[in-house]
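Taking it in order: structure first as structure tokens, then the write-up.
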Amino acid sequence: MIEPKIKLFAGSSHPQLTAAISKLLKVPVSPLDIRRFASNEIYAKPGETVRNADVFVIQTGTQNVNEDLIELFIMLDSFKRSFAAKVHVVMPYFPYARQDRVAAPREPISAKLMADLVSKAGADHVITFTLHSDQEQGFFDFPVDNLTARMLFADYLKKKKLKDLTVVAPDVGSAKEAQRLAKILNAELAIINKTRPAANVSEVTHVVGNVTGRTCILYDDLVDTAGSVANAVAALRKQHANKDFYLAATHAVLSQNAHKKLRAAKFKEIIFTDTIPISKQKRLPNMKIISVAPLLAAVIHNVHEGKPLTPLVNS
Amino acid sequence: MIEPKIKLFAGSSHPQLTAAISKLLKVPVSPLDIRRFASNEIYAKPGETVRNADVFVIQTGTQNVNEDLIELFIMLDSFKRSFAAKVHVVMPYFPYARQDRVAAPREPISAKLMADLVSKAGADHVITFTLHSDQEQGFFDFPVDNLTARMLFADYLKKKKLKDLTVVAPDVGSAKEAQRLAKILNAELAIINKTRPAANVSEVTHVVGNVTGRTCILYDDLVDTAGSVANAVAALRKQHANKDFYLAATHAVLSQNAHKKLRAAKFKEIIFTDTIPISKQKRLPNMKIISVAPLLAAVIHNVHEGKPLTPLVNS
Amino acid sequence: MIEPKIKLFAGSSHPQLTAAISKLLKVPVSPLDIRRFASNEIYAKPGETVRNADVFVIQTGTQNVNEDLIELFIMLDSFKRSFAAKVHVVMPYFPYARQDRVAAPREPISAKLMADLVSKAGADHVITFTLHSDQEQGFFDFPVDNLTARMLFADYLKKKKLKDLTVVAPDVGSAKEAQRLAKILNAELAIINKTRPAANVSEVTHVVGNVTGRTCILYDDLVDTAGSVANAVAALRKQHANKDFYLAATHAVLSQNAHKKLRAAKFKEIIFTDTIPISKQKRLPNMKIISVAPLLAAVIHNVHEGKPLTPLVNS
Amino acid sequence: MIEPKIKLFAGSSHPQLTAAISKLLKVPVSPLDIRRFASNEIYAKPGETVRNADVFVIQTGTQNVNEDLIELFIMLDSFKRSFAAKVHVVMPYFPYARQDRVAAPREPISAKLMADLVSKAGADHVITFTLHSDQEQGFFDFPVDNLTARMLFADYLKKKKLKDLTVVAPDVGSAKEAQRLAKILNAELAIINKTRPAANVSEVTHVVGNVTGRTCILYDDLVDTAGSVANAVAALRKQHANKDFYLAATHAVLSQNAHKKLRAAKFKEIIFTDTIPISKQKRLPNMKIISVAPLLAAVIHNVHEGKPLTPLVNS
Amino acid sequence: MIEPKIKLFAGSSHPQLTAAISKLLKVPVSPLDIRRFASNEIYAKPGETVRNADVFVIQTGTQNVNEDLIELFIMLDSFKRSFAAKVHVVMPYFPYARQDRVAAPREPISAKLMADLVSKAGADHVITFTLHSDQEQGFFDFPVDNLTARMLFADYLKKKKLKDLTVVAPDVGSAKEAQRLAKILNAELAIINKTRPAANVSEVTHVVGNVTGRTCILYDDLVDTAGSVANAVAALRKQHANKDFYLAATHAVLSQNAHKKLRAAKFKEIIFTDTIPISKQKRLPNMKIISVAPLLAAVIHNVHEGKPLTPLVNS
Amino acid sequence: MIEPKIKLFAGSSHPQLTAAISKLLKVPVSPLDIRRFASNEIYAKPGETVRNADVFVIQTGTQNVNEDLIELFIMLDSFKRSFAAKVHVVMPYFPYARQDRVAAPREPISAKLMADLVSKAGADHVITFTLHSDQEQGFFDFPVDNLTARMLFADYLKKKKLKDLTVVAPDVGSAKEAQRLAKILNAELAIINKTRPAANVSEVTHVVGNVTGRTCILYDDLVDTAGSVANAVAALRKQHANKDFYLAATHAVLSQNAHKKLRAAKFKEIIFTDTIPISKQKRLPNMKIISVAPLLAAVIHNVHEGKPLTPLVNS
């Protein structure tokens, strides 16, 4: 048996990111015949041998999340049956990550389910970014590299030399991650908390922590409808925060009118990564998109070479 | 531990069939909160306890096939985690059943994959109709009741007292199933075969078997785009078959303009079942839809009671 | 096969809780021969048949945590091999629950590991209290009832009719759970945050949120060495909080000198549950211990009877 | 860890094929101590280390089919326990392949069962020829190379420059595979169909398709008792087919008096492969045996080298 | 779901034992269509529904051991796919039990392998007699009732009121089990030991322990070729043991000329059980066969009823 | 993917053996951060990358057996999640090996349980010495190298040129292993047997075999409390054995006052290996400790290189 060669494949969810990674890695994207039958059933067939290959397949979660998943499962089945040596799933945004606990009786834990299905379909390893909770890493019965864009955001923000900084978690569940960024930036921490003063009275948004005169960076793992960040900005304004607001989030889910709410919130700057493709129509003039392609390319390279990721992750 | 009670749940794919089964079984459909987040992620939560219940969940494959599957997986996860005693999946049309073999190197076997994922997500048993090939029953590592509508078609057709009958398989792969119907109806058998006389020459449709003057019943497991049945009718006409053509098929997939092609083919009658919902727009005046609800209700009843299915299946 | 009968067994970790549950359930504790060989290897043998029984085995995590676990695994092996119908593990405090994520490269996820080992050894179901993070429920591939003592604390505290209440999370990771209690009590929320102003400077404890003149309830899932609650009280005092401090926590791990630190912190009242036995020597005069036995007995009863837990959990 | 070396082992079912493959591959057959105890229990022990070896073990299904299987399972157990790197089962004729569906209620799916047992016993990969149905590939949860002898037959037959060729499927279930050969040979297709005109009347064999004056090649995956091919020839004669009949089949099962029936049927030529050893006593003067050894040797070589099989399979 | 009913099925290995158990249990043997195709492939189909049944299938290991096993696997597959509630394998003699360890490098552990295959094929439980070593119980990942005929032998021998009894183990590996019988009978213990005084010198049989003038009972789990018991008797005679020799063994494997050797050894009495059928031709005048049917019937009854086996096993 | 490099890690159970192996192998012991939290929960984190490494982790069973096991499980989880290529557990003394059978109804088979848990936690392979019974090798579903120190003892004893040697098994269960050593040494065999002449009468220790004037070597897999070897020596003395007694055993468990009993038994020499660390306090002047480090180092080397162990094991 010869040493497995690296091969790069990609689903249809994020061609730009795939192209960027391929270019950086100097590994071409292998042909993959993905089609959709008249019945909407998906067909996927590698266009060249994967026998004994070290396969990396790139597929993220988009607004077409369920199609993205089924397409991934089918690709994995073909890799597994075609005798790939190892199959690494590069899934920058792991869908259903928010459904990670039983918040009300009888709820599914869809994040765990998807981890199980990805494994059953044929994955040996997952590379992803910022799972909704750190604990989700334990949902996988095989190695997961749960990368973070925190250092990318910190490096970018440090260059701005902002003063009197406060990192604000837009809800209590995001407090832990906000604290981590605050530590790196030597910033203070504040948290948005929603309470209901009495039954049948509408919810009130509080700011826990002092933000008067502070430059606030709202920081979260993802922005979906942008409703909570819009409310957060309003609450911070009431507390006389500095009028320059920043928003930083790894995953730009941007459902429905999210981009309109973001425009209305008048951020000084909005910083996303490209773990999810952002359509032209949803891009705003004050939006900065930091690419995760260089980090992913380096990670893929080291995984293939059997080298540690620590130097990449901590830099 | 008390004896498990029957509970009936349904996904969003086929409410009419669910209602019909519920009425026949005299078991109400239990509430199930199925929602879709802004991000298109699906949420499903049983609205009442399933602890120690004998759960039957109805979900078929429609034109929304991938959403149907993910919705099913999520429902299964919630049943499993909520301590259901047994979970039976009633999936009248099992999606991806046609992708049941490696026809070209490196193809996935998506039918097997879906069987595996349904199992991994939490199913203990599947009840379905007419898998594309009989062998697919072996794709499941747990019991499968692969029902057939053959007797429903035969009973209906017998009443017409048609003479000089030939059952025609629209392609060679369907010959076995056509032969079975022909035996019940004491009919002859013919098969449509496509050949290519020489390279770079277009495919020719042959009729294998004699159909001159015969009343032909085209019979298949499903009708998708209706392209092959349209070609079959044309080929049969050339062979001077009786001008009254019948079409019988279990699964009315009816993708794209299938209904238009069916109209143009001028069948005397088209006979489908309701394993897949047929929208009003796709219904034709010469279309007869035989409901599988009575058979499914009886099967569900016997499965719950631990009684044999043989009396139901052979009648 | 007749209907399985309920049988109650217990490891050696918490005899008082076992006795209380047994009395409430009116189910005797079945004999279990647990011994330790000279070599410290553990031996466990049920003293009566478990064939076709619905077995509930009670074992919590104490300061002898590793012995507790191995003892549990061995008991499970004997139940499984002796043909028990179902084996439910009642583990009020699930050990290693805090090791639930990879905080530094190459860390184990011991909570997930223990969930896997409990399953492999023979458990079909786990009943526990307040896992360190809600997400851990997804570490189990079988049903878990993750009960909460939140309502027990809330009911007890409401009777005190305290005013100007603030629930304080002793660190950022506990903010979510503190918020939940605050909502029930109509209280405000504050969070203790630790920062390091500069490299090589010692950590500073901040209070995020306003606590001046407020009656503070420190609330956490567990108290281990009591170091962080002691620091929290000091920080709250600096902010001129009301001098009456309360501490509420589900799991009284109380390692090392925890009880001394708690005494020194001069709480008005410390409220624990008995998920872990608290030795006489560690009990303080201002310590209130709410028993989880009534809730566990009711849960066990409903699980055995196949009835929903929702009425018990939400009352 | 050094790179695994190729090692070739063989069960007792087909020494000639093993020798041929070994010679072509230039890899000696490793010693394997296979014995049978007085009690008929089988013993198998590799005679040299397999630690870290890329093991290929050759065993086909013969008239001693059950002994062949148990012998294989025991060999696999010894390879697995002795730390082989990979174990590839080369099983030119996969036994029980015909029991691939539930034709009557409560039938086993023995082909799926054998796939599962081969896997459980220790195989990582199976290389076989012409499974009874293409779908059986999905019975394996690991890679299977389901080779075909179709091109070997086609190449051999083409050289004969036969005219007015019709490929005849000896029953409806074989129609699909017959169609494939017909396409390659530019031949017509006919199918033998059995019907029963009325209850209590004996079965009648029909020819579906026109064979008058045609040179017929009966083509099937295997010949067992030769009963159906004998009937087929009689039916074709009645339809005034050309008196030169050919028979081509991959697997020469040849049970009982099959060779006598084949002699009586007076084929112009009978073409088999050597996936199953054919005893001298069963060989007929008009029998041509095409060896699969060159194809198998090439496949084994490419599998070991991690090279694609496509070039071999399509030539 | 109603309560599962008991159903009794049997393979073809031991019809007399099946009949005896059926009569004692007052449960008829359910029809099972077992056939052998011309190719020697086995077919097995339950003749009536097993849906929701508590199935007990009786199959022992005979001189046809490999066929017995494959027949069992196929029966299990059909029970599992046909939705039996539980499948108990009653295998009075478990084949390959002697291959329970790696005595030389690279040997298989066939006993473990067969336990795994029985499980994979569909068994939930095994009931057997006197596995070759007690440790083999641990080869099964599910409950095993490893019954013993020791008390049956003891009761029978006690009635003879023999004096100066010594139980003799025919080799060192059987010493433990001989010791157990000796304890019950208040007998002494002796062991046959084989040594080789020097290289290239033939093996010498020693008696370890004093047997002069003692009445010897050779006792083993099974008698295969009877070679070692014949040698043992010769060695005991040399030591001037009492001329009345007894032989007791659970499993009468009796391969090849075993019965002739037993006749030549001139035992006073040979006591076997009927875990394996003994053909008329192999029965000797001095052979007493104690039936295990009463014990098996009682065990099956209690297993079905969920009652403990201890009262049966210790009486 | 590059070739995996060897890495050596060790738990806290046996640092001397680890150091000796490391020195012989010329492979440094990789850093491993093992800590114990205040709550006694164990933490273990590899101090350097294990990505793509061929990991050997050394951990034996000591008087802290349960802690040793949990520590091992946690180490295995971290190796597995950190993407080690293979994880080999070097466990010279495998704990719980004596609980290898169900001696009384409902007993656990803890040896099998521990094998399962070691596997579930992440081991691919186990290297150990002298499992309590040979059959335990079958408890592992993956390769096990069950090494023996028999040749080490034999070589050492041969040099003494002792005459009139008898190897004595201290109980009947050890007879088989004693026989093996006796064969190598050309010694006779004797066995200690305990009987109870009548109910309520205390047990009597018999010597089976003649030991008068013989030099006896008591030989067992392990010495735990030394109770049975002390009794054995007394019984041998009564039979006028030579006054020079030897004791040889692989595993020096030496619980409680074992060393005092050993001193009192006045052996000429006691020979142990260092599979378990022997504290200074328990070492006696007549104790010889043969190190297994050279054999283990050679085995680890060959395993890593993919070379056979046979030359090492048979020398």
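The first chain written gets the first letter, and so on, giving A, B, C, D, E and F; residue counts start at 1 in each chain.
In the analysis below, a residue touches a chain if its C-beta (ideal position, glycine included) is under 8 Å from a C-beta of that chain, and two chains touch if they have at least 3 such contacts.
What you see is a predicted model, and the numbers here were worked out from it, not measured in a lab.
*Asks:* If you list every residue number at the chain B and chain C contact, are more than half found on both copies (same) or fewer than half (different)?
*Replies:* Under half shared, hence different.
*Asks:* Which integer distance in Å separates the CA centroid of chain C from that of chain E?
*Replies:* 50
*Asks:* Express in whole angstrom the distance between the two chain centres, defined as the mean CA positions of chain E and chain F.
*Replies:* 33
*Asks:* Which chain B residues touch at least two other chains?
*Replies:* In chain B, 3-4, 49, 81-82, 85, 102, 105, 109, 112, 308-310 touch at least two other chains.
*Asks:* Taking the top-of-page definition of touch, could you list the pairs of chains it picks out?
*Replies:* A-B, A-C, A-D, A-F, B-C, B-D, B-E, C-E, C-F, D-E, D-F, E-F
*Asks:* Once bound in the complex, which stretches of chain A touch chain F?
*Replies:* Its residues touching chain F are 3-4, 54, 85-86, 125, 143-144, 302-310.
*Asks:* Within their complex, state which residues of chain F touch chain A.
*Replies:* 1-4, 48-49, 51-52, 80-83, 85
*Asks:* Which residues, counting only chain B, touch chain A once they are in their complex?
*Replies:* 37-46, 49-50, 63-67, 69-70, 73-75, 77-78, 81-82, 95-96, 98-99, 102, 104-110, 112-113, 116-117, 120-121, 224-225, 253, 255-256
*Asks:* Okay, in this complex, where on chain B does chain D touch?
*Replies:* 100-103, 105, 109, 111-112, 133-139, 141, 146, 172-173, 175-176, 179, 182-183, 186, 188-191, 193, 195-198, 206, 208-209, 308-310, 313
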